[in-house]
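Encoded as structure tokens, here's the structure I'll be asking about.
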Amino acid sequence: MDQILLQILNGLDKGGAYALIALGLTLIFGTLGVVNFAHGALFMLGAFCAVGLYQLLTLEMVSIDPNNMTPWGTPAEIRQPYIEAWFGEAGSTMLNFAVPLSILVAIPIMLVIGIVMERGLVKHFYRRPHAEQILVTFGLAIVLQEIIKVWFGANPIPIPAPEAVSGSADIGSWFGFAENAISYPWWRLVYLLFSVAVICAVFAFLQFTTFGMVVRAGMADRETVGLLGIDIDKRFTIMFGIAAVVAGLAGVMYTPILPPDYHMGMDFLVLSFVVVVVGGMGSLTGAVAAGFLLGILQSFASMTEIKSIFPGIDQIIIYLVAVAILLVRPRGLMGRKGVMEG
Amino acid sequence: MTTTDTLERPGTKTPEGAPFLIVRDIHAYYGESYIVQGVSFEVRKGEILALLGRNGAGKTSTLRSVARVGTPDLKQGEIWLEDAPVHKMKAHEAARHGIALVPEDRRIIAGLSVEENLDLAQIAPPIGWSKERIFELFPRLGERRRQEGVTLSGGEQQMLAVARALARDVKLFLLDEPYEGLAPVIVQEIERTLEQIKEIGLTTVIVEQNAIAALHLADRAIILDMGQVVFDGSAREVLDNPELREQYLAV
Amino acid sequence: MDFLDKDNLQNDLILIAIFAVAILTMPIWLEPFGASYPDLMQKFAIFGIFATGFNILFGLTGYLSFGHAAFLGVGSYTAVWSFKLLGMNPIPALIAAVIIAGVFALVIGFLSLRRTGIYFSILTLAFAQMCYNLAYSVLTPITNGETGLRVLRSDPRIFDGNGSDTGPLVASLFGIEMTGMAGFYFCAVVLILVSWLAIMIFRSPFGLMLKAVKTNQNRMGYTGLNTRPYALAAFVISGMYAGLAGALMCITDPLAGAERMQWTASGEVVLMTILGGAGTLMGPMLGAALIKYFENIFSAFNEQTLEHVFSFMPEGMRDATVSLAGLFVGEGWHLTLGLMFMIVVIFLPGGIIEGLRRLAKAVFGRKRPEQSHAARDDAAQTAR
Amino acid sequence: MGLLEVNDVNKAFGGLKALDHINLSVNEGSVHAIIGPNGAGKSTLLNCLIGRLVPDSGTVTFNGRSLVGVKPYEINQIGVSRVFQTPEIFGELTLLENVMIPALAHRDGTFRLDAWHRMDHEAEIRDRAEAGLADVGLAEKSDMVANSLSRGDKRRLELAMCLTQDPKLLLLDEPTAGMARHDTNRTIDLLKEISERRNQTMVVIEHDMHVVFSLAHYVTVMAQGGVIVEDKPENIKGNPKVQEAYLGGAHL
Amino acid sequence: APHLFVRRASAADYLNAPTGSTVTLGFNVPQTGPYADEGADELRAYQLAVEHLNGDGDGGMLNTMKPTALKGNGVLGKKVEFVTGDTQTKSDAARASAKRMIEKDGAVMITGGSSSGVAIAVQSLCQEAGVIFMAGLTHSNDTTGKDKRANGFRHFFNAYMSGAALAPVLEKAYGADRRAYHLTADYTWGWTQEESIKNSTENIGWETVETVRTPLGAGDFSQYITPVLNSGADVLILNHYGKDMVNSLTQAVQFGLKDKQANGKNFEIVVPLYSELMAQGAGEAVKGIFGSANWDWKLKNPGTEAFVKSFGQKYGQPPSQAAQTCYVQTLLYADACERAGTFNPCAVISELEGFEFDGLGNGPTLYRAADHQCFKKVLVVKGNENPTNQYDLLEIVEEVPVEQVMYDPSIFGGELGSCNPGV
């Protein structure tokens, strides 16, 4: 019983992550119609905003230690983070909250990245064939990745969550289960809440303003929307900026769960495409629903009981479900007609 | 048969009022095909100009150039609306200056309901007729306000396209075959609307295959052939000149 | 309507003849590029076949499959199994691989083609990823998992397994080992044959129907044509090309690994095709060659080789140049690849072939008197 | 019994009755016009004939065979061809290719894997296609890409595509809309000639009364999903119901 | 082109016999993908080795190796040159790269790799082609077990040795009454390691509760970790490597496994195969966690000290175990050539087979003739609780003597075959 509850919780959490990662993609891909293979790279850049800030905060004052030598015969160094040297206690607190602080840093950075990317590159590709969009965004993704690799190396870089939420929560005891029967890492709960909050914010923005409708209209027919006096380019740029921020935030918050490396974007790329398409092109609700659905199913498919009946099911469950859904429902869970069907 | 030298400023012929729209020697291309080959004309405020010619003459291309839509690409020439240099604008800027184009293929936006199609027209200023007023003129649209625009019948779509232009506060109305596919009763209705519009003093350029109907409405007419102006004069002149009608309009 | 010109067949024959000569003389003219060693030339030919086949589906019908690597993998495994069971003759391996890959393509295509656009792409992707994941783990008894399936001395090899068995375990056709240059010529001949087939398809009524599938499926239906079998036939044909390519990989090097089926491998052929020019006859092959060249030659540069290259410079400048250039080669070759992708799409929309066409136009002016048939056809394709 | 029999067909979109107990009979060799106000259900009716829509109830028989639930390509193969209100053409192909495709479909059926044939050996198909283009006056544009045609020309292209198929029944949804008068007249002549020479059965939807009265042997007037009158053209003109619902004071 | 044939047909009795004043070695490492950093460190070591062989630099382990025939004037009087390539950690790419080195660049020996799949694939390629393969990082039992080849050699240890070395230490630390839960990367290497560790822990009396296979590159392992919580296990064994291990370990710690109590004992995590880079990637999470290693830069012996010194001075950081094994493999190969007096693979193989040496950082070592596997001490290490500097991530717990990790070469099956000189 607790096992099942735990898997449900875990599935929800995974689903939250999938939904959040797919959300940024669905804004660009499902809404603007650009097959954005650089989405993973945006996610990765977000994570590296956190890495960058963390490294900035842990920048160390290096002084030569006269009493010690390294084993290879050069003088040893004494290192102390500037931030602690300068701010003492307050400095350590900042360091502790590096990840949440990164959110503040990542929002403007990702916004600028998104806008620059749209203005400088993607803008010219709205009317080009999807194939060319794939090639150019994939090229961009590789370039971004390699730049990060040159700068930060290829090895994962761990970023701790704030201490207060680094342990795990004894959720079971809240609901009257035995002690420690159901415990779950705090940070993952935070991530789940964060996903829900961001998803709601994006929904609110697109549903309660005409922005969403205009962008949808612009995607269907830019020319006509222009004839109605609307500067659709500007809106597309904003949309792209928002999507980049969403992707970036998903990345920032993911760092304590998965130590980021330059390649992490590619690993999530396929998954996020699958989630968006299973959800249905052009539907935010669909993407979110698909994210949660796939997360929960994946969680269950990994249970030993199920794996012993269908060996290997956990490895293919996402694709299997994707196939099943797409064969039964022509446009995924709730896709809109005519979006990327041709 | 009168053919006007395209270089001559037609505006000088009719002295009353300064020209409202000046199109001066515009050249436009689709990629490498040279389609609009030096078209010039002027329209005075409150006037209705009929733009006539055979299929492929370049009527649509001319209208699209004036509305500053991306294709065809206007490579040379000037377009002035009052004192505004329209040729330097993008489509949405031109629209904000009061130019409205009702495109020939209607361009109802997929995925949006009838009402949303109208809402869309009322996002950017200047805003024109209210939705209520529009639905009064076109009750059929009112009945179908929640239906997806593209599932309307052909004629209903045409109504929506006209309605969408009216929803904006327009100075210059560019109509590309507004009667196409409409039943005679509706044609009459739109004709009446256009007459009303004319009374308000709205300046209009209308492209229409049904030359007779257009000429009855219009003050002046231009005939295009092979991307060039071959006639520019009053609507009466065309109606009275069977030779001209025969040669360029085959009526 | 260029393909209706009277002398058309003749034009095509000239085209394929030139092509054949170009391919067969590769060892000579690739020498200055450092690409004239057998393995790389084999890869050019093999991936040329793969991309050409992919183009029959994507370039003509517009269906963007993101799972074609699965058929390549299936072809590879089939070929190795044919070696293991039947013997090291490449011919049965080729035939079996094409058939089995065709069967897979038939099943996957039948299901995936129920959808269009991105939904189709994701379906193919999902099928291929399932194949990959299963091949990597659960199906290890058949695929030998991560290590890859190889021919072992203990395998039955009905037709040549008996007797003293000390020679290397490589495919051999009538005693000619299919490694090295012999392997390359074998691949080259197959490439020329299937390129001819591709030209035939492009020029056939069937090919025209495939183009029609791309532009307007509704109209096809109202014109009395059933689009599904056309799309499915294209899918199966291109799957067979992939299977063929997979088999050739094993013929020149008898090992089949699961990573051949991963999505990145499917993505690679997509990139090759678009890079060269989707829908053009020769573009995909060019794209394939370019990517393989980068992968094999650019990744091999290191500081030492760079210093050789820039040895004419004064020391300080050389060091700076070497460390700058070092960013783009060796471990940085991906960076160059990414930049190349971007530059090609940005400046040569429609791919390299289209770029060449424009270049030719700029150089020879508007009116090119006698243009080769392929160039014209390619131009017509990319202009769309 | 007519070549085409539509019997008590109904079709609703949500609450909207687009077709309301429609009956229609088209005799072999006749030109049957359908007119009616916008939104009357004319196009919807054609959609039910070609398999794009399936009627909610009622029967449609063509040449004694039911068309309900039959796939569009099969319906076309048994001889029903349609020109659409918004042109459906192969936009990225040249005009000649556009017309050769129906010619091939007519000859080869719904599917044929003739990958080893060569188009340049298909002289007969090509001649046929060129003749088709010439019929509608597009011969000299045969190498253009269809998307770059003006609107009126797209119409004519589509007509050419349908004519090359030699259909038993030709459905025309506003074939002359957007055509210059001159070409409208040519199209009328062409259709008339075809109707007489081949004894071609046609159903024409038109708002241009000139076209209707020049061509039609029978006219069905629809309004609000139903048939209000069916008669010879001469009788339609004066019918008060038709006047009110449709013609207004239009100059005929 | 013509020279291709010429080279093949040259008078020498083995493939790629160096004709000029230089000899070319092929360094085939992952330069892209998740193991790129590891590959970069391997490449550093190779370059250092070449430098030392050619008599540049301080000579490194050339000075400590015993016995040695190396003179610091290249190999057999020929200057050592090298070519590099990217394996991408994929068998196909690795083989393509190795083929380029053999066919185009004329390499007489290929070395490198960062995965057993790649190592086995390249090893069999070298066997067919007729050059020597000196494996880099590869830990699967298969490399010198069922997939062993006459032309291939491995200095690195394997999963069996990891198990044999770890078990007694684990017994000492955690007792004999433990219930273990395995999470295993679902591919060949993972399976062999799981099997080896399972066998050796069961030998000391542990019980195996469950062995669960996880897909390669899963990223998020939470759905595999949650079932561990209430499974009745009190030890989690992570048969993962690289990024997978970094992620699974980090996440296991986040799920509170390290602080958990089970069966009245502290819950423990074990990572049988450790590396410095993984420890770096996992950060805090590695503290106090046991594992095994082939070598560590903090070892106290002359070879290690010499190597760390020259590596550290050149690159400003200590070498990883990947670097060490690659460096050593290069020296061993060069030494064997020197002793054989030729680069002919068959002669080199017979020099390497049964070769006993010392001074290369691992203490006395034997290249066993039966399976071309090196036998030497194995280190049991533990994540350092109080690192004094950024490189001080692992702490050596025990140097397990070679006898304890020795096994009978026949237990893994396989067939060496005969040497192939390539002509």
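Think of it as A, B, C, D and E in the order they're written, each chain with its own count starting at 1.
Following the convention adopted for this analysis, a contact is a pair of C-beta atoms (placed from the backbone, for glycine too) under 8 Å apart; a residue touches a chain by one contact, two chains touch by 3 or more.
Remember, it's a predicted structure, so these values are computed and weren't measured experimentally.
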{"item": "Set of chains whose contacts include both subunit D and subunit C", "value": "none"}
{"item": "Centroid-based (C-alpha) most distant chain relative to subunit B", "value": "E"}
{"item": "Chain located farthest away, centre of subunit D as origin (C-alpha)", "value": "E"}
{"item": "Averaged-CA centre spacing for the pair subunit C and subunit A, given as whole angstrom", "value": "33"}
{"item": "Gap in Å, rounded to a whole number, between the CA centres of subunit D and subunit B", "value": "29"}
{"item": "Distance between chain centroids, defined by C-alpha means - subunit B, subunit E (Å)", "value": "77"}
{"item": "Contacts with 2+ other chains: residues of subunit B", "value": "none"}
{"item": "Subunit C residues counted as touching two or more neighbouring chains", "value": "133, 137, 334"}
{"item": "Sites on subunit D at which at least two other chains make contact", "value": "none"}
{"item": "Pairwise chain contacts under the document criterion", "value": "A-B, A-C, A-E, B-D, C-D, C-E"}
{"item": "Partner subunit C, residues of subunit D touching it in the complex", "value": "50-52, 71-74, 76-77, 81-82, 84, 88-94, 96-97, 100-102, 104-106, 108-120, 122, 125-126, 142-143, 145, 161, 165"}
{"item": "Residues of subunit B touching subunit D in the complex", "value": "30, 33, 53-56, 60, 104-105, 140, 151-156, 158-159, 177, 180-188, 209-213, 249-251"}
{"item": "List of subunit C residues in touch with subunit E within their complex", "value": "27-28, 30-31, 34, 36-40, 43, 133, 136-137, 140, 145-148, 150, 153, 166, 168-170, 179-181, 249, 253, 255, 257, 259-260, 295-296, 299-300, 302, 304-305, 330-331, 333-334"}
{"item": "Residues on subunit A engaged by subunit B in the complex (per definition of touch)", "value": "210, 213-214, 216-217, 220-221, 223-232, 282, 336-339"}
{"item": "Touch list for subunit C against partner subunit D, complex", "value": "1, 3-6, 8-9, 197, 200-201, 203-209, 211-212, 214-216, 218-227, 229-230, 233, 237, 383-384"}
